[in-house]
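In the two assemblies presented below, chain A is common to both, partnered first by chain B and then by chain C.
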Partner chain A sequence: MTAAVIHRGFVEKTLTSLLHALERASSSERLAEQRGLLQHVDARVKLLGCLALIVAAAVSRHLDTLTLLFAAIAILALVSRVPLHLLTRAWAIIFVFTAAIALPALFTTPGQSIATVAGIPVTLQGLRSAAFLVDRVESATTLGLVLISTTPWPQIIAALRSLRVPAAVVLIIGMTYRYIFVLLRSAEEMFIARRSRSIGRLEGAVRRRMATATAGVLLGKALALSDEVYLAMQARGFRGEVRTLEELRMRGRDWTAGALFTAAAIVAFWQGLR
Partner chain B sequence: MSDSLFDVRGVTFSYDGVPALGGIDLSILRGERVALLGANGSGKSTFLRLLDGLDFAQSGTIDFDGRTLTPGQLDDSSFAHDFRRRVGLVFQNPDVQLFNATVFDELAFGPLQIGWSSDEIRTRIDAVMESLDIARLAARPPHRLSMGEKKRVAIASVLVIHPEVLLLDEPTAALDPRSQSEIINLLSGWSGGTRTAVTATHDLSIVEDIADRCVVFESGRVAAVGTPREIVQNEELLHRTGLLHAHRHRHESGVVHSHPHLHRHGDHHH
Partner chain C sequence: MHIPDGYLSPSTCAVLYAGAAPFWAVALRRLQRRLAGRFVPMLALVAAFSFVVMMFNLPLPGGTTGHATGVALATIVVGPAGSIVALSVALLIQALFFGDGGITAYGANCLNMAIVGSLVAWACYRIIAGRAPLTSRLRVVAAAVAGYLAINASALCAAVEFGIQPMLFRDALGTPLYAPYPLHIAVPAMMIGHLTFAGAAEAVLSAGVIAYLQRTNVGLLRDTAPGAVEDASLPAIDVLRPLWLALGALMVLTPLGLLAGGAAWGEWSARDLADPAARARIVAVSGSAPLPSGVPHGLAGLSTVWTAPLRGYAPPFLQSTALGYALSAMFGAGLVLLTVFAIRGMLLKARAR
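For the complex of A and B:
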C-alpha cells in the first residue's frame, strides 16, 4: 500500500494559510471577550492610546527609551492575557523580516568598527540603526497585536466611527473584513473540489494555468457578490448615505485608562526626544 | 382603496438576452400570503427582485399600491422611503444580506436608513431579537453564526422595520429540519391577515403552512394559480413544472417502491 501524497500548489497553500490566519483572527475575537486589563477599556481609548505610543516609538531618538517602552508594552500585553506564545511568535517573525531589512545598515553605516564579518566591518552606528528599526517595529506591532487581541472587531469599527473616520471608509473596512472570510472559504472550496477530481501530480505550467483560472473565477464571484450585497443594501433603504448608531459610552475606568495612556505617551515623547 | 397591493401586467425580464420572465400577469392582494412555486431557474427570484424594485420590468408594468415601480420612481426620496419602509426582502443567501460587523448593527441598518430615532431603533431591535430568540447573538459577527442563525438574523433584519409586505426567497433552503420548522412557525404566525407575504420556494411540504394562494412558475411564465391544496393535488402540473420527483420508500414489510413525493417526510402513506 502506498502512502497518498497530496500536492498543493503555491497559490493554494497561500490561500489556505490566509484562511487559517483569518480563523486565528476569529480566535482573537474570543480572546477579546476574556477578562484582562485592557479588555474592558473603551475601544476609542485603546485605539488612540496605542496610536500615541506607536508615534512615540517612531520618533524616539534614544534606544534605552525605546527598549523601556517595548518592555512596558510587553507587560501590558501579558496582563491583558495576550498569550505568550502568540507574542513570541509575532516577535520572532517580525525580528526575522525587520532584521533582513536592517542587515545592510550594519555594514554600510559609517562609524566605529566593532567586528568584522566575511572581511566587512560592522559599525557600532550601524548596529544602533538596526536596533532602532527592530525595536520600533517590534513595539508598534506589539501594540497593534494588543489592540486587536483585546478588542472585538465590531468595537474597533465602532471606535473608528466614533472618532469621525469617514463613515464610507469605516463601512468599506467593515465589509472587507466581513466578506474576506466568505471569499477565501470559497477559494479554498474551489481548490479542494479541483483536487478531488485530479489524478496524480499536475505539471507546474498546468497548475499555474489552473490557479490563474481560479483567480479569475474568484474575481467573478467577488464582483457578483458585491452586486448582490449592494442590492441587499438598497432593499433595506440604503441610498448612498451611511448612517450609524452611536453606541459607545465612556465610563470611569475608561477615563482612568485614557489618563494613563496619555501620561505614558507624554513620558515616552519627553524621554524619546530629550 | 383597492384590495390589490401589487398589480403585475405583462412583465418581461431577461439577463443579457436570456429570458427570465416572459409575460407575467398577477395581482397580489393586501394581507394575502402567496407562495411562488417553481423549479430552479423558473423565474421566482427574479420576480421577487422586481416586486422589491431592485430590478425593473423590460416591458409591462408592476404597480405597488397604485404607483408604477420605475427607476425614476425609486429615485424619488419620498416614494423610496415609503416603499422601503413598507416592503422588505429576505434574500436566499444570508451571507449577501448580513454585511454589517455585528448582528446588532445588522438589525439597526434598515431603521437607520429610514431615519428612526436611536431610542426607537433600540426598542424595536430588542423586541425583534426577543421574538426571534436571537438576543444572545447581538454582539456576534455574522461569520460566527450557523446557517440557521444567519437565516433568523436575515429575517429579523427585515422584520425590524415592521414591513407591510414581506418578500422571502427560499427561506427554508439549506436548513436542518429543526431550523426549517422554526422559520415556518415564524412565517405562519407573521401575517395575521393584515400583512402581505410573498414566499418563493420549491418546497411543497411548507406551502399549506405559509400560503393562502400558490402561483406556479414554469420557464418564466405563470403555469397555474390556485390554493395550496389544489396545486399539490395536481400531479400532472407538478411533474411538468419539476416540482415533483419519484421517491423511493422502503416500507416496514420490506417492500420498496417509488411514488410521487407530495407529502412531508414522516407522514403516513401507502
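For the complex of A and C:
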C-alpha cells in the first residue's frame, strides 16, 4: 500500500465508494444482456428458483450437501456466463470476510478437541461450525450474484409485481433504483467540486461540516426532485394506479427451467434434512 | 450490520419477516392516507438518498472515518412511517442488487435497521426536542442522541438475533449450525464497534445535517415538529419530557438492582422457604420470629399456578444478568406503555363517537 493510499481523505474514500457502486451496477446490466443459459429464462422462475435454493442452503444440516449445492451453483453461474474473475473475486472477498468472523469460533465453541494452536485447543464442533457458515454464505451470495448478473433490473421489477408485491411498493423500488444513479452522480460531482477547490489538509471539524453539508444539500435536492417528479407524473396523468411496462410470459423453456429448479431444490432439501 | 444469508436460521428469518410485516403494512397505509400519490416519488427519493448516504465516509473525532445508515436523519425529515418504508426499499436494493445483506435475512435487516432504528430515533428526537423552536440547538443534540441510540438499538437487536442461534440450532454433534457465538460473546462483540465508531458516525451525520438544514432549509424540519414554538423566547419544554427522560434513565440503570443481594422482605418464594440457608436468612432479618415448618400449603399450591416467562428479570437464554435486567425493564415498560396507549386510543375513539 502506498503512502498516498494511506493518507486518502474522506472525500477520496467516498468518491471511490460512489464510483464503485456505479461501476458494479453498470457491469451487472451489461452481463444481464449476455447470451448465457439463465439469461433466457423468465425472471419469476429465476427469482423463485434462486430463493428456493438459498433457503435449501440455509436449512441444510450436512456439510457434504452444502458443498455439493455450492458446486452446482458455481456450475450454474459459469454456464450462465457470469465471468470467472467476477465469481472468484466475490468468493475470495466473502471467504476472507466470513472466515475472519468465524475464526474465533474454532476456539470458543465447546466440544471435542482435535488440535491445538498456540496452546489453545481447536474443537471439531468449532471447525464444522465455521465451515457451515462459510459454505452457506458462499452459496447464498453466489446465487444472488447469478440472479442479478443474468436478469435485467426492469425484469426483476416486473417479476416482483407478478409475485403480488403491492404495486405502489414495486413502483417505489423501480424509481429508487433509477434515482440512486442521479443522486450518486450528484454526490460525486459535489465531492469532485469540493476537492478541486481545496488545498492542504483540513481540520477534523471542518471536514465533518463539509461532509454533513454535502449530505444536507443532497437531501434537499432529493426532496425538491421528488416534488418535481410528482408534478411530472401528474402532468402525464398519474392518478395513483401503477402499471408496469414489462409483461412477463412463460414459455416452454421457462417451465422446463422451473421444473429443474424445483427438482434441484427438493433434492437439496431432502439431502440437507436427511 | 447488514446480516448476510447463512448467519440466521430460516425459522428465525421467518419470524423476523412476520415481525416486520405489520410495520410495513401500517406505515404504507399511513403514508398513502397522508400523502396520496405524492408518497411514491417522495419515498423513492428518500430511499435513494439513504442508499447514497450510506456510502459516505464520515470523518470522525480521532482521525478515523465511518459509515452511517442515516436512519435518524430520514426519520426526522419524513417521520417514522416514511423512514421505515424508505429504508426498507434501500435495504432491498442493497440486498438484491449489491449483495449487501441477505435475501432470507432481509426481514431481519429491516426490523433491526429500518423499523427499530426509525422508532427509537423518533422517540428520542421527539422526547428530547419537545417543542423547541426549529432552529434550536436542542434539536441538533436531539438528532445526535437519536442517531446514536437508533444505531445501537439496531445493533443490539442484530446481536441478540446472532446470539440466540447457537442455543437453538445445533446438530447431533453439538455444532452450531448458524452464527456460532452465544449471547455473551455476540452482544459485546457487536456493541463495542457500535457504541464507539458506528454510533459516532450516526451522531455526526444526524447532528451535522440537522444543523445544516436549520441554516439553509428549515422547512424540511417542520413536518415532524408539531407544536414547535415559533418564538424562541417562550419555554419549549414539554411537561411530559422530563418524565420520559427519567423513564429512559431508570431503564438503563435497572442493573443497579443487582447490587442489593437476597430477596426483598416478605417476597419469599416456596423455594426460599424450603431451603435451610434461605430460611436462616429470613429468620435473621425478621427479628428471630420463628417460621412455619416447611412450605405453607397455600403458598406451595398457588406458586405453581403461573410461571412467569421472564422469571427473576433474566430470560433463561441470556447469560448476562445485567443485560437481562435492562432488557426486562425495556420489555416491561414497553408493555405498560402499549397498554396505556391502547386504552387511551379506545377512550378517545369512544369519545369521538
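By our rule, the second predicted complex is superposed on the first by the 256 of 274 C-alpha atoms of A that agree within 3 Å, B and C clash if a C-alpha of one lies under 4 Å from a C-alpha of the other, contacts with A are read in each partner's own complex, and residues count from 1 in each chain.
The working rule: a residue touches a chain if its C-beta (ideal position, glycine included) is under 8 Å from a C-beta of that chain, and two chains touch if they have at least 3 such contacts.
Computed from a prediction, not measured in an experiment: that's the story for all the values here.
Student: Touch test for A:Ile114: chain B only (first), chain C only (second), both, or neither?
Tutor: neither
Student: Touching A:Val79 in the superposition: chain B (first), chain C (second), both, neither?
Tutor: So A:Val79 meets neither chain B nor chain C here.
Student: Let me test your reading of the model: by the given contact rule, A:Trp153 touches which partner, first (chain B), second (chain C), both or neither?
Tutor: It touches chain B and chain C both.
Student: Just to be sure I read the superposition right, which of the two partners does A:Gly237 touch: chain B = first, chain C = second, or both, or neither?
Tutor: first
Student: May I ask you to decide whether A:Ala102 touches chain B, chain C, both, or neither, giving the answer as first, second, both or neither?
Tutor: second
Student: Taking the superposition as given, does A:Met250 touch the first partner, chain B, the second, chain C, both, or neither?
Tutor: neither
Student: Is A:Met175 touching anything from chain B or chain C once the two structures are fitted on A? First, second, both or neither.
Tutor: both
Student: Scan A:Gly144 for contacts with chain B and chain C and give back first, second, both or neither.
Tutor: Only chain C is touched by A:Gly144; chain B is not.
Student: Would you mind checking which one, chain B or chain C, touches more residues on chain A?
Tutor: Counted on chain A, the partner with more touching residues turns out to be C.
Student: Both chain B and chain C touch chain A; at which residues?
Tutor: Touching chain B and chain C on chain A: residues 153, 175, 177, 179, 182, 225, 229, 233-234, 238-239.
Student: Across the complex, what residues on chain B touch chain A?
Tutor: Residues 49, 52, 54, 77, 80-81, 84-85, 88-89, 91, 93, 95-102, 104-105, 108-110, 112-115, 118, 121-122, 139, 141-144, 157-158, 161.
Student: So in the complex, which bits of chain A are touching chain C?
Tutor: 9-10, 13-14, 17-18, 21, 24-25, 28, 51, 54-55, 57-59, 61, 90, 98, 102, 104-105, 108-112, 124-126, 128-130, 132-133, 135-137, 139-141, 144-145, 147-148, 153, 156, 166, 168-169, 171-173, 175-177, 179-180, 182-184, 187, 204, 207-209, 211-220, 222-223, 225-227, 229-230, 233-234, 238-240, 242
Student: Where on chain C does chain A make contact in their complex?
Tutor: Checking each residue of chain C against chain A gives 4-7, 9-10, 13, 28, 32, 36-49, 51-53, 55-61, 63, 65, 70, 73, 77, 85, 89-90, 92-93, 95-99, 102-104, 166, 171, 173-181, 185, 204-205, 207-209, 211-213, 216-217, 220.
Student: In the complex of these two chains, what residues of chain A are touching chain B?
Tutor: 26, 29, 152-154, 157-158, 174-175, 177-179, 181-182, 225, 228-229, 231-239, 243-247
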